[in-house]
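One structure below.
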Amino acid sequence: MSSYIEEFESKVKPKDYYDRLYDELVRLNPRLNAFNALIKPDKNGIPLSVKDNICVKGIEATASSKILKGYIPPFNATVVERVLKTKRFSIIGKTNMDEFGFGSFGINCEKPAKNPLDEERVAGGSSSGAAIATALLKYHVAIAESTGGSISAPAAFCGVVGFTPTYSVISRYGLIDYANSLDKIGFMARSADDIRVMLDITKGKDNRDPTSTDSKIVGLHHKKLVIIDELIDKVDEKIRSQFFEFVEKLKNLGYTVKNINLNEIDLSIPAYYLIAMAEASTNLAKFTGFKYGFKLNDFSKNYNEFFAEAREEFGTEAKRRVILGTFIRSASVKDKYYSKSLIIRKELIDKLSKVLKDAFLISPTMPIMPPKISEANSMSPVQNYATDILTIPPNLCGLPHISFPYSYSNGLPLSAQIVGSQFNDYGVISFVSEWEKNFEYKFKYNIGEI
Amino acid sequence: MKIGLEIHVALPTKSKLFCGCSTEQVDTPNINICPICMGFPGSKPSLNEEAIILAKSIANILNCKIRDKISFVRKVYFYPDLPKSFQITQLQESIGYEGLIIIDKGKRINIRRIQIEEDPAKIIRSEEYSLLDFNRSGIPLVEIVTEPDITSEEELTSFIFTLKARLYYLGIDIDREIKADLNISLGKERVEVKNVTGTKNLLEAARYEIERQTELISRGIEPTKETRSYDEKERKTKASREKESDEEYGYIYEPDLPEYNIKNYSIRETVDPIEKAKELAEKHAYNPKIILEAIAFDRYALDLIERNEEKYNFNSLMQAIMEIKRFKIDNIDDLSLKMLLEEIEGGFQIDKDTISSIIKHEKVKHSDFSQEGIDNGIREFIEKNPDILRRYIKNKKLADYVAGEIIKRYKAKPKEVLKRTIEILNSMTGQK
Amino acid sequence: MEDKEFDRLLKISRIKLSEEEKQRIQNDIEGILRYFDSVDKFNEAKIKPAFHPIRIEGHPRGDKIEKFEDKDSLLSNTKTYRGFIIGPRI
């Protein structure tokens, strides 16, 4: 399948297409919690969902947090503006997520998301709703966001294609920040070609986001693949064996595979979390219960008490990260944690750039199969963080990466992740395009099929 | 005694530091606002290049070393007037450092640092709420941090005067009140007086604090290290409320802004009025203090002097400048100036009528008084006020008063009138 | 982490916790910090920090006024009194 977008645009839609789509989603949503808001579009473009931390003017944006309940953004995020400008898309809803992006399973929110392929299991996070929507709808693309793996993880668990571009390629203006030096807006779809269409429309410098750039994006489709041993060692036995079978298939398609050691890679998780939490704790400081979102009406309190009471609306994981982030930033430990992590980031970027000059990194996207929701709830924070081991390195280093299914086991997808060098975004997309010529994805749902 | 200052100066840019909202001062609250200066989630800052140019120029005036590359940090603290609950400011990579300024009597005041930062919103305290006006939020500021080199009230006054005069010539509006933190130690420990607005309050706060610490020391008590605030109404410094003490700013690099290479940004040309006054004084053998007073906050006066110093007698020119200031003449043309100088050099009194005539380029009316006419005027006046003679005997200075009245009424030449008045009074009272 | 230190952090970050949450989170944080301590192992003094993953050249904008047209949409998110925004007292 090349492009669902093209296919949709070439077909004649029945008059009540969107009404039926909407009704079906309304019916399913209470079970799966994919959407925070469902919208009946008035135009007839390709159905588009937007992760609820990305601002759409006039539509509530909550980042799945109680503290933002009622926030109506007065502007569109740049990515949304660029997409709407083409007049080819119709927004059908804001998708559910882990609060502010804090989570890898989609359960850190008021309405935990469920995996449509097995409703007892997690959908992955933090872009849980985006992945579910892509797994449900035949014709649809999702605008999502990744800080440490929030596009790859849910895409992998729900069996769809999830693409995260190089940091700075897509403007972050209008994205409710988790960690500004790590956040990237990206996409989910059912094919690499659709990802390419979205990247074409949205990439490029935005004057409103000084960290966005106009650097040239290339499409180098390397035939050499690299596996980092320290990473593959952390993958579940069962997944590893299936992954190696997949790698054999790739060899038959003409790829060479090399194993390397990179022992600093283990430091990527703590370095990532230290930077992410430090930045997040400053980004969440603006939520004080009176300018937007949740408003505390009790003015008998002085400002310190008022703020503390309003910020009780944060979920537990958000509170944990704000407290930790504040600690990490304190003068006494700043050099030890925060400054060190910035150095580790530089070191990893340099080392990986060398490896990726003429190759892609390949690995399973996640080290485990999607856990049952009850299991996930009983995991400790550290166990949680450790599941990001395969997605964190490209995210920390701002490298373009893409997750896609390569097999299925007991109805659940097995996904792999390809990582390219900075600005080789079209390269990783090409890889998946080629894979799709040799493998057909399976979808349990095809809502909106014409 | 050691005094150091942290002074915040608002930069005269058209738009705010990180967004395109106007910086114009308006009466209605919350007019010049947008998602960025209100700290709406999803908004991002966008740096104004004019702020860089002005900050660089200030750093230059203060003889600072200027960095080629600057960056910003987040200073995190919670207060209703701070929209993001962090202020974007500078720390290590501040635009200027290690500078100095020379004040009266050649005293050097070293400048530690110059940094660019954003202003919080305006907060009006009411009993039950805070009322917030975000027009001010995001206005570009430069913070000037001095070393504690000021050692007296006189030096403090001179420092403020010198700084304000230099900033004036950069276009920095001294009417927009500057805000400062004052650090004063007479003993071993440093007392911080925070958030003092305006130079008058700054001097008063310093005066009060110096007295307070002196008094403590005289009683054998060491002033404690603390943060105080200045109460404008009571004109005292007071121990501060909790706000300042426990906060930990938790600085991190501002991740929404990259590093900026400012090497190629030009520095605005400006005038040092103190140097200028000295130059002119030497050139024309005139009192530099008077020149400085005339030009320190008046670019127009300097311009007039420079355009006309070769054309006219310098003394007369300076007098003319004083009259122009006195009568608040906005834009005097060359002919009017020439006429004004003629009046001055003719020894005539300058009054409202003189000014109105010269502006209209009309001949100034002088009373064409003969000696006789003036004498009659004087005698008439004395007749109407007979006890003047009695008072004159006791106090000769009364002649000035009488002469003054005559000059006013008749617009006659002052020196002549005074001479005749004295002569007449003397003859009428039988004195010499 | 000591109780006193933890309480100070709560105060600085304006976070309130129930007794139960406090126990739980304080515990979690100990574990997490131990896990993070591993970054201390990394010892390269010569490497510069990467504040962003890519090198970005800053280009400031020109000093032009750009009015935000829809001010009502800003103010409608909050509570106002005579044009001022209402916040908690100081």
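In order of appearance the chains are A, B and C, and numbering begins at 1 in each one.
Just so it is clear, a residue touches a chain if its C-beta (ideal position, glycine included) is under 8 Å from a C-beta of that chain, and two chains touch if they have at least 3 such contacts.
Owing to the predicted nature of the structure, the values given are computational and were not obtained by experimental measurement.
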item: Chain contact topology (line, ring, star, complete or other); value: complete
item: Chain closest to the assembly centre - both centres taken as Cα means; value: C
item: Relative to chain B, chain with the most remote C-alpha centre; value: A
item: Chain A and chain C, separation of their C-alpha mean positions in angstrom; value: 21
item: Approximate Å spacing (C-alpha centroids) for the pair chain A, chain B; value: 56
item: Centroid distance [mean C-alpha coordinates] between chain C and chain B, Å; value: 39
item: Overlap residues in chain A, where contacts from two or more other chains coincide; value: 71, 74, 181, 207, 210-211, 281, 285, 288, 290-293, 299, 303-304, 307, 326, 330
item: Residue list for chain B, restricted to those that touch at least two other chains; value: 35, 38, 40, 46-47, 78-80, 128-130, 248, 250, 255, 257-258
item: Overlap residues in chain C, where contacts from two or more other chains coincide; value: 12, 14, 51-52, 56, 58, 61, 68, 74, 77, 85-90
item: Chain A partner contacts - residues on chain B that touch it in the complex; value: 35, 38-47, 74, 76, 78-80, 83-86, 128-130, 248, 250-252, 255-258
item: Chain B-facing residues of chain A, complex; value: 54-55, 61, 63, 68, 71, 73-75, 77, 172-177, 179-181, 207-211, 278-279, 281-282, 285-288, 290-293, 299, 303-304, 307, 326, 329-331, 334, 338
item: Chain A contact footprint on chain C (complex, rising order); value: 1, 6, 9-10, 12-17, 21, 24-25, 28-29, 31-33, 35-36, 38-42, 44, 47-54, 56, 58-59, 61, 68, 70, 73-74, 76-79, 85-90
item: Chain C contact footprint on chain A (complex, rising order); value: 57-58, 70-72, 74, 166-168, 181-182, 207, 210-211, 213, 215, 264, 266-267, 270-271, 273-274, 281, 285, 288, 290-293, 295, 299, 301-304, 306-309, 311-312, 314, 316, 319-320, 322-324, 326-327, 330, 336-337, 339-347, 349, 380-382, 385, 396-399, 422
item: Chain B partner contacts - residues on chain C that touch it in the complex; value: 8, 11-12, 14, 51-52, 56-58, 60-68, 71, 74-75, 77, 80-90
